[in-house]
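Below is one structure, written out as structure tokens; the observations come after it.
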Amino acid sequence: MPDQHAAVQPPSPAPGPQRTEFYGRLKGQSLTPLWEVLKGLVPPEPRPTPLPHIWHYDTLRPYLLEAASLVTAEEAERRVLVLENPAFAGKSRATATLYAGIQIVLDGEVAPAHRHTASALRFVLESSGGFTAVGGERTTMRVGDFVITPSWAWHDHGNASGQPIMWMDILDLPMVNFFEGGFSEHHNDQTQSIGRPEGDALARYGAGLLPLDGTGPFGKTSPIFSYPFDRTRAALATVAAAGSADPHWGTTLRYSNPSDGGWAMPTISSWMTHVGAGTSTKAVRSTDGMVVAVAEGRGTVRVGDKRMSFGPRDVFVLPNWTPRSFEAESDCFLFCSSDRVAQEKLGLWREERLQA
Amino acid sequence: MPDQHAAVQPPSPAPGPQRTEFYGRLKGQSLTPLWEVLKGLVPPEPRPTPLPHIWHYDTLRPYLLEAASLVTAEEAERRVLVLENPAFAGKSRATATLYAGIQIVLDGEVAPAHRHTASALRFVLESSGGFTAVGGERTTMRVGDFVITPSWAWHDHGNASGQPIMWMDILDLPMVNFFEGGFSEHHNDQTQSIGRPEGDALARYGAGLLPLDGTGPFGKTSPIFSYPFDRTRAALATVAAAGSADPHWGTTLRYSNPSDGGWAMPTISSWMTHVGAGTSTKAVRSTDGMVVAVAEGRGTVRVGDKRMSFGPRDVFVLPNWTPRSFEAESDCFLFCSSDRVAQEKLGLWREERLQA
Amino acid sequence: MPDQHAAVQPPSPAPGPQRTEFYGRLKGQSLTPLWEVLKGLVPPEPRPTPLPHIWHYDTLRPYLLEAASLVTAEEAERRVLVLENPAFAGKSRATATLYAGIQIVLDGEVAPAHRHTASALRFVLESSGGFTAVGGERTTMRVGDFVITPSWAWHDHGNASGQPIMWMDILDLPMVNFFEGGFSEHHNDQTQSIGRPEGDALARYGAGLLPLDGTGPFGKTSPIFSYPFDRTRAALATVAAAGSADPHWGTTLRYSNPSDGGWAMPTISSWMTHVGAGTSTKAVRSTDGMVVAVAEGRGTVRVGDKRMSFGPRDVFVLPNWTPRSFEAESDCFLFCSSDRVAQEKLGLWREERLQA
Amino acid sequence: MPDQHAAVQPPSPAPGPQRTEFYGRLKGQSLTPLWEVLKGLVPPEPRPTPLPHIWHYDTLRPYLLEAASLVTAEEAERRVLVLENPAFAGKSRATATLYAGIQIVLDGEVAPAHRHTASALRFVLESSGGFTAVGGERTTMRVGDFVITPSWAWHDHGNASGQPIMWMDILDLPMVNFFEGGFSEHHNDQTQSIGRPEGDALARYGAGLLPLDGTGPFGKTSPIFSYPFDRTRAALATVAAAGSADPHWGTTLRYSNPSDGGWAMPTISSWMTHVGAGTSTKAVRSTDGMVVAVAEGRGTVRVGDKRMSFGPRDVFVLPNWTPRSFEAESDCFLFCSSDRVAQEKLGLWREERLQA
């Protein structure tokens, strides 16, 4: 993002014996000469670490089933295959700031109740039922549903559907761990007690209405903890039919917190983008790296110099500050997630819309 | 609301010839001795002007039809019978701060496009169709729907349903006129042009989702300009079934602005209260006077020393700072409206929950 | 504020015997035909009720002293001459929504402690000392100081300076009474007990710093309850010297609430305007009517077709939606007050900048 | 922060040949079994990485002067010795999320104009003058002043005082780099052009007043970019004298943004704490690690098991989630800085007040 003021960065001070000797003495005092490290600390523009990557569901699914045959849900606490960006080997990161994984719960299994500072979202990839319990209410997880487990809320997952259920998890664990602010606890019981009927939260907060006092139970997180896909899809299809697609962002609606109009979660932004069959979007880049799960449709994503073909239930990573665009073969509904909300709060988020 | 500090109000200074002569001279200077008027200006607690009053729909309906036979919609611009509180004769006020009326549009008629600073809401009492157009979108008005025409938004009403349509209007006209801040304009055309399909606003803002930029077209007013009754009723019934009724407020959800979680309108609060068949609420009073339309159910409202029986489509006024309670014969769904949001913003709103 | 859509307002339905008979029957049902009153209710633009008016301090002062000789402060509770707009005779209003008056407290007197829903501000016109106590802290009232008594805060005034003190009061009483939401109480003691040293609030909230928890004791009202004139004047003079005067508003800074950056009070806006000697401002009108007290300087204000010359300590009213402009003979510092903050919250405020 | 629900964390699934073989195959697919890494990712409570550390000014100063003799300000762009936490060797971090350093500018030198996404604060340790220019205004840097260079604002430093100037820099560089969202630019000129007189910003935004439009030039950052120590110190001393010290936090006021009442900067919290001579504070821990510069006074800080004695201009680091308390020999004024504001926005911040 250069402008008329941009100038050539000055060279660093040349080393020399006197300086080198001085730097050595500094080290013993827990001091470092800034000019030796300045360029690495303050780059002219973001240099994304993550690599573009796609995990095809056809490949993932057998690994999940094999994992389920080797380790029980209880043993694993959460039986998840972490989607680890090739650039972050050993670090359990999909992007610079987000953890992503695919979880499987077999019929009859329970992922036991715990809670943690980290916020989590689930995007359901395969399900004949199965549920998540949050804050005393269970929600059935259907394909395409967006389910939140807010920071520090007890949650457990179960499945009595007769079939395995699989979903994508995204957590802000790298953020929480960067700030070194994470707590966690295990519940004394496998499952939390249920105090409200299914659908209560959606009725109370998700119908254009709110309780008189306006506040929900989850602090900065949306009190609607389950956004059903059928409703999201219908809304997006209606808006798309009105013909108001953005050239760069397609037709996009973000999951929102009805208590304040902000993003649904305090650290992770989520939205769904529709790209109509046979259409494409123009390239755009933004400072937030994204994890995308394909809710419906087939197409191609261009990200930097790479092209990746995708189909239903595939998951892919689009690195920060790397131009991206979509070409849709069939009508695509793309679930997208990034740290945009955190960057916006901290004053970091930028986008650049390209003409190509 | 006396407390331990409350003391007897001191007597005013006694008049006398010297003082009286002085007061006379003051008058010529556009000056008034405060101590002569202080008690009227600063009462110990609110002295409500409005009277409790009920308009039964069975009585109203023939008058509306007669009005429709005597005056055309175009002639009247808005063919409305104003619900004038008996305490505000000639002032077109239902409460101290709200205007209310019942509007009728016959099949084939148009209430022509205009706009004004005043905000309006409609609550539909009888309809086989009919529509309101706001901001380039038409919405069909069905019984029980809550429809907003935001401040300074063009709006027109029409009806091609084959039957008359009747609804309640509530406007903040007394407020706007108190502040002497009102503007209005007539559109050059009878009806505004329509640029978006019906349902667009509800899809875009009312499904737990928002556009990326978060803002709607109506400034401080909810971008959802039509809240369908079927959805409101279902949500309220679900919450009521969960058994979380408030002793004083029953089961109540307020119409909210998804952009900020506040009330749907900047000057008028609206909510729906459910009182279950055979139950009653405890008395409560608040500084806002209310206009209530019965969406469903039969029962009795006690307000101060008065009891009023109500049935479907009846409209009644509950004065400010007067204890009120409901007894429901059948399941009641009560649409309520007041200036609470304005009072909250100005720091005036108070309630007192009584034990009776 | 007409635009291309503005059209001729249609005529009202002509009366006739059948209609007149009908209207008569409606009256018995507490119903009114809207079309008979519509034009009065919804004007095309504001029709200001208040008249421009100026009270010269030279005239006011002797009346205040005479009042003080006729009625004691205790007797009067508040010994104030109300500045009653000639258009609001008998209504204790300076503008449509604001009460204004001039209060005098003699040496040795006390204006006893009370509290009320209405918010008050004081602008000190003449003082050798004297104090207001609010929330357990006393503040000395010096000429030009802006002092707030927040809604429902105990307050009393005293004077041990050896000289009378006189100040302008502005209250939102017409607003509170329009909403019929006012409460008041008398303290059991003449003066409240003092728990904090003078200057505590200014140190705690007024030095670019805030307590960790950020909140002050007065809800929506600024925790800085006394804004000293010396500081305000110095800041305004510095900004004026930087040469950034607005053509219509001169150099203007508003009194702000450090807790949220909003106006200092929830119902009354206050600001100070500097107009440099020999300069003038262009005409502007806004929907809020103003009360102006001259802190320093001499000049002329044009308001509509009227011109009023002013000098130090004079007080004048500028009606809503009436073009106004200032011509300064000497450097003018003008303390201004209106209901702008209330209008902004309710979505009513507008201004129009004229070229003249 | 255990509660009644806390239970023993379950053991991880034991490895075995079949599992190990499976994990190997996963690695080739950019997949990782969560249960192998879960405990490291989701700890029961924060495990602080930074170590407590103190840099005594008497030690630092000669190194700064030596640096100044070896490298010119222009050559270095910013001649700073980075305060590198011993636990973050090579990473230029004082805490997990903050960069800190000490900068020196000799008489006649210029640190040339540049701008960057990262926000910076300066706390002046030694000065006979010297200035920072931000947004077209210069501010003289006096000992104890808190000066902000907002994100993406051009800034340059200069010194014509005849003596070296030294200050502490704190930047959010680790945060910006964690999010991989940083940009930077060099100005074409050594120094930016100056368009406003010194003191303009403080007058405009720092005197309890704000411009009518309320917004400042720096987005989420306080428009007051220089908080003079004399004013801060006086305010804090006044509040301390009122006797309202918090047992754990002493008398503390935070630097605030007058536009919204929040912290002065969007990513870094700063405050000043007074601890009276001969008094001490109780232990408290919070999830934010701190960098503290001693503005005045001598005393001891206990942090975890370590005790560090400090005097004027010393700088020390207090790690996150480690109990800390102060004992003051003389009146201490401690400038403190952390990422608390970022943690609060993201929903991460917690504190625990201990009884010791």
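A, B, C and D are the chain letters, set down in written order, and residue numbers restart from 1 in every chain.
Convention: contacts are C-beta pairs under 8 Å (C-beta built on N, C-alpha and C of every residue); 3 or more make two chains touch, one makes a residue touch a chain.
The shown structure was predicted, so the numbers you read here are calculated from the model rather than taken from an experiment.
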Interchain contact steps from chain B to chain D (minimum; 1 if touching): 2
Centre-of-Cα separation between chain B and chain A, whole angstrom: 43
Chain centre separation in whole Å, for chain C relative to chain B (CA means): 29
Averaged-CA centre spacing for the pair chain C and chain A, given as whole angstrom: 51
Multi-partner residues of chain B (at least 2 other chains): none
Chains touching one another, given as label pairs in label order: A-B, A-D, B-C, C-D
Footprint of chain B on chain C - complex, ascending: 1-10, 13, 18-19, 22, 25-26, 29-35, 37-38, 41-49, 53, 55, 59-60, 63, 66-67, 70-71, 74-86, 90, 92, 96-97, 99, 101, 112, 116-119, 151, 154, 172-173, 175-188, 219-221, 266-267, 287-289, 320-321, 339, 342-343, 345-350
Residues of chain A touching chain B in the complex: 196-197, 199-200, 203-204, 206-212, 214, 224, 227, 231-232, 234-236, 238-239, 241-242, 249, 252-262, 271-272
